[in-house]
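Okay, so chain A shows up in both of these, paired with chain B first and chain C after.
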Partner chain A sequence: MTLLNTLNLDSDLAQQLELEQQLMLGYKQCINTTNSLWLWQATPSLVVSKIDSNLKNFEEAKLYTESQGLPVNIRQSGGSAVIQNDQVINISRIYIQDDPITIQQSYLNMCRPVLDVLKDLGIEAYLGSVEGAFCDGAYNIVYQGKKLAGTSQRWLSVPKSKSKIILEHMVIVLKKDYKLWTKKLNDFYRMAGSTQSFKDSAIISLEEIKGDITTEDFCKKLLTEYA
Partner chain B sequence: MSNIPTELRYASTHEWVRSDGDGVFTVGITEHAQDLLGDMVFVDLPDVGDAVTTGDDCAVAESVKAASDIYAPITGEVIEINSQLENSPELVNSDSFGEGWMFKIKADDPTEVEGLMDAESYGTSIADE
Partner chain C sequence: MNEFILPDIGEGIVECELLEWLVKEGDVIVEDQPVAEVMTDKATVQIPAMHNGVVRKLHYKEGDIAKVHAPLFAMDIDDEASNDTSVEELTPSLSDSPASQMIIPPPAPVAEVNAEKIEAFILPDIGEGIVECEIVKWCIQEGDLVTEDQVVVEVMTDKAVVEIPAKYQGKVVKLHYQQGDIAQVHTPLFDQLIQSDDFVAPASSSELTVSPTTEIQAATAKNVEESELESVRNNRAKALASPAVRRIAREHQINIALVSGSGKKGRVLKQDIEAHMQSQNGIPQIADQGTTTHQANTTITSANGNKLTDSSNAGTQSEVSKVIPMRGIKAAMAKQMMASVSTIPHFTVSDELIMDNLIALRSQLKPEFQKQGVKLSFMPFFIKSLSLALKSFPEINSRLSKDESELHYLLSHNIGMAIDSKIGLLVANIKNVQNLSLFEVAQECDRIINAAREGKLSNADLSNGTISISNIGALGGTTATPVINKPEVAIVALGKTQKLPRFNDNGEVIAQSIMMLNWSGDHRVIDGATMVRFNNLWVSYLQHPEKMLVHLK
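And now, the complex of A and B:
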């Protein structure tokens, strides 16, 4: 596993998404052969999936959101919109899988190290869906019924091969004030013509569970576990 | 074991191809592929008129689990897309070989399809997945 600059703080969302895309293309063209993992934070912005970009009034919602100081970018992986800022940390992992693997197994591989780090910190988290949480899915990391982290994936096939190139992505909520951004998400979807709506009460942050760990220390533990 | 219709041809990336005559071929993803992906929530199709080359990523299937590329199994021009999938992506799950078809290609060389796998070969290829 190659750890790429391991911790990129205060980076530009568009650059991070471009990095993911370029790495995946590199694997597809056999330029990259080693697996990659890095942690990053982006300046305030909104990242949406392709589904969101097809909403009826997406362009209007995008313009409005950007007028509120949140640049909007489209990501490769699935799910729904996520606010990016320094109150969350992202993990991106890209690798080639030669042997058959299911999407579920891939999610478990992504989540297990995080669950182990949390357990070492005395936090008993588990995987599951959380009704009302942003970007909900079966592979959220959940603590006491609330969403602490979300996950998504993108799969590519390698030409003339059974191997897969897999992008796994996780966003972990670090700070309790992240909940305040839920209104921005709901504004985006309402303006885009979607009925999707999220509840801030469905989210929990690492700060609320264990306030005495710094972002840097938490990231170091994550990198150690993934290495 | 997934249903694998014998009259179709298959790509290793799990697309199926059916000849409609006159060099036109309908393309979709197999029952096995939709089963791996899970419940479909969105299908991003190519545009009619797009020129595609074998192996090009030309569509994206997004399920509740992950987004995955769909590849052109043959070279040609996209002449029709299944617009029903815009509002009903679940058709890919419920009828992957029928109403869940994705797009039609007018092949540059209709004989290219003969290079794809038949049902037996495809069945063997997915047996260990």
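And now, the complex of A and C:
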């Protein structure tokens, strides 16, 4: 596993998404052969999925959100909109999978190291969905019924091959103030003509669970676990 | 026109959202070109085309929910591609995307029908001594077109769920069993309509130990003559071989065209590659590569069967609140445990283990292991010390012959761990512990536990154990009378570590970390005194782990 810019804590979201895209295409064109993993944070912005970009009033909602100081970018992986800022940490992992694997197994592979790190910190988290949480799915990392981290994936096929190129992505909530951004998410969806709405009470942050660990220390533990 | 059927894209997923069409009606597309992007479970997946051709109709709009196993789009396949009778076509090089294997052809003209035959797929041997297995899940249904090596069914034996891949490309016309049924080895599993061209190029027998034998309708089948094949082969300079064999050749950088094939019609088999390597370089045989070959892959999954076949011992209706069929791992456990307690005279020995020194040593070593990415639990110490003790007591690592006339001492210390997995009790073992360092044992423990969590334990992990450890303490248990994992002759259950008051040599009460050890032995093989002496030696290693250094090589 190649660790790229392992702790990129002040990056532009568009650059991060471009990096993911380029790495995946690199695998497809056989330019890359080693797996990649990196942790990153982006300056405040909103990242939406392709589904969101199909919403009736997406362009209006995008303009509105950007007028509020949040650039909007479209990502390749699934799920729904997520606020990016320094109150979350992202893990991106791209690898080529030669043997058959299911989407579910891939989620488990991505989540297990994080669950192990949390366990070492005395945090008994588990996987599941959380009603009312942003970008909800069956493979959230959940603590006491609240969402601590969300996950998504993108799969590409390799021509003339059984292999798959898999992007696994996770966003972990670090700071309790992240909840305050839920309103921005709800505003975006309302403007876009969607009935989706999220609750800040469905989220929990690492800070609330274990306030004595710094982002840097937590990231180092994650990298050690994934390495 | 041909319909492209949206394939299975995930376990249990029956529909997905069509995110984006990457082609439009009228577009000329080529094999492997992504045609659509769909999303399920927050994963976006590109669906590639299988053939060259022209897209005629897109059945969904972007944003629609597309049904798995329903047509996604219609296309005309290039004549050249569909009529190509080259060797490459006879032995298709498959893309793994299920989507690429899902073209349903239109009703064939009579002449083409005459070139097909129905072939019964015979359930092959799938494990030592296994004569029947349970149909866990059909991955295809009647009417589906499957390709060579495509997984058609998952069957469960006593130990694991095994994926059975198709041997030929062709349409499935009949499934002989329903999910939950018990299928007999060497009997027909399903019938498949096979193009005769495909039939003359069967999959390598080394990849699946089955040879379909029941030809139901072969009279009108068109046969490709040997000479024609030779001609094609010579013209194309291509070897006849399955994709799996081609991959093995590629992995070993062998030009498959230079390998002489021993299979039917000169087909190159896996053993031909091995022989070629040996003749060229004296390289030893290719090791089995688990999931990287197309041998029946072994995975552990939950069984879905729900057919109740025998309720003769069940209570009356008024006494029973719920009836649950004994299936899969549970059924295997019932069978294995019954065989053990009904044939092995068990006896139990218990003892206390003072853990304090071991706890200190583990704390000391843990960071070193962590630096190398390995978690150090107590289990590797138990396993390694057990192996050292077995060297002095080889009868504890033995097997009794079936007629009880011989005791076979085993060279390998394959030490099993009973794992409370999501699907039930599994005993996976670490092979040849006598040759492994503590670090290597810890690595293997990690691997096995992770594999169990993922449901990816291999049949090898579950086979050929020689002695077992059950860590009931991990779940809070203190004492137990474990049941021997037949044909092994001993098993130990480890209780939880408790801080308990004990007297020291001076008669003072001190707090000690105590674990209960609970042995069950096969009294036909082991007497009580031997078991106690063996346990004493093991305990001495664990209570004074530095003693192990004397014997470590």
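The criterion applied here is as follows: the second predicted complex is superposed on the first by the 227 of 227 C-alpha atoms of A that agree within 3 Å, B and C clash if a C-alpha of one lies under 4 Å from a C-alpha of the other, contacts with A are read in each partner's own complex, and residues count from 1 in each chain.
Quick note on the criterion: contacts are C-beta pairs under 8 Å (C-beta built on N, C-alpha and C of every residue); 3 or more make two chains touch, one makes a residue touch a chain.
Owing to the predicted nature of the structure, the values given are computational and were not obtained by experimental measurement.
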item	value
Which superposed partner A:Gln105 touches (first chain B, second chain C, both, neither)	second
Touching partner for A:Thr224 - first (chain B), second (chain C), both, neither	second
Partner chain(s) touched by A:Gly122 [first = chain B, second = chain C, both, neither]	neither
Touched partner set for A:Gly137, first chain B, second chain C, both or neither	both
Partner chain(s) touched by A:Pro159 [first = chain B, second = chain C, both, neither]	both
Which of chain B and chain C A:Gly211 touches, first, second, both or neither	neither
When both partners are placed on the shared chain, which of chain B and chain C touches more of chain A	C
Interface residues of chain A shared between complexes with chain B and chain C	49-51, 54, 76-78, 100, 102-104, 106-107, 137-138, 152-157, 159-162
Residues of chain A defined as touching chain C within the complex	49-51, 54, 76-79, 98-100, 102-109, 112, 116, 135, 137-139, 151-157, 159-164, 224, 227
Interface residues, chain C side, partner chain A - complex	9-11, 13, 17, 19-20, 32, 34, 37, 39-46, 48, 62-63, 93-97, 151, 291-292, 297, 370, 373, 375, 450, 453-456
List of chain A residues in touch with chain B within their complex	49-51, 54, 76-78, 100, 102-104, 106-107, 137-138, 152-157, 159-162
Contact footprint of chain A on chain B as seen in their complex	12-13, 36-38, 41-42, 44, 55, 57, 60, 62-69, 71, 125, 128-129
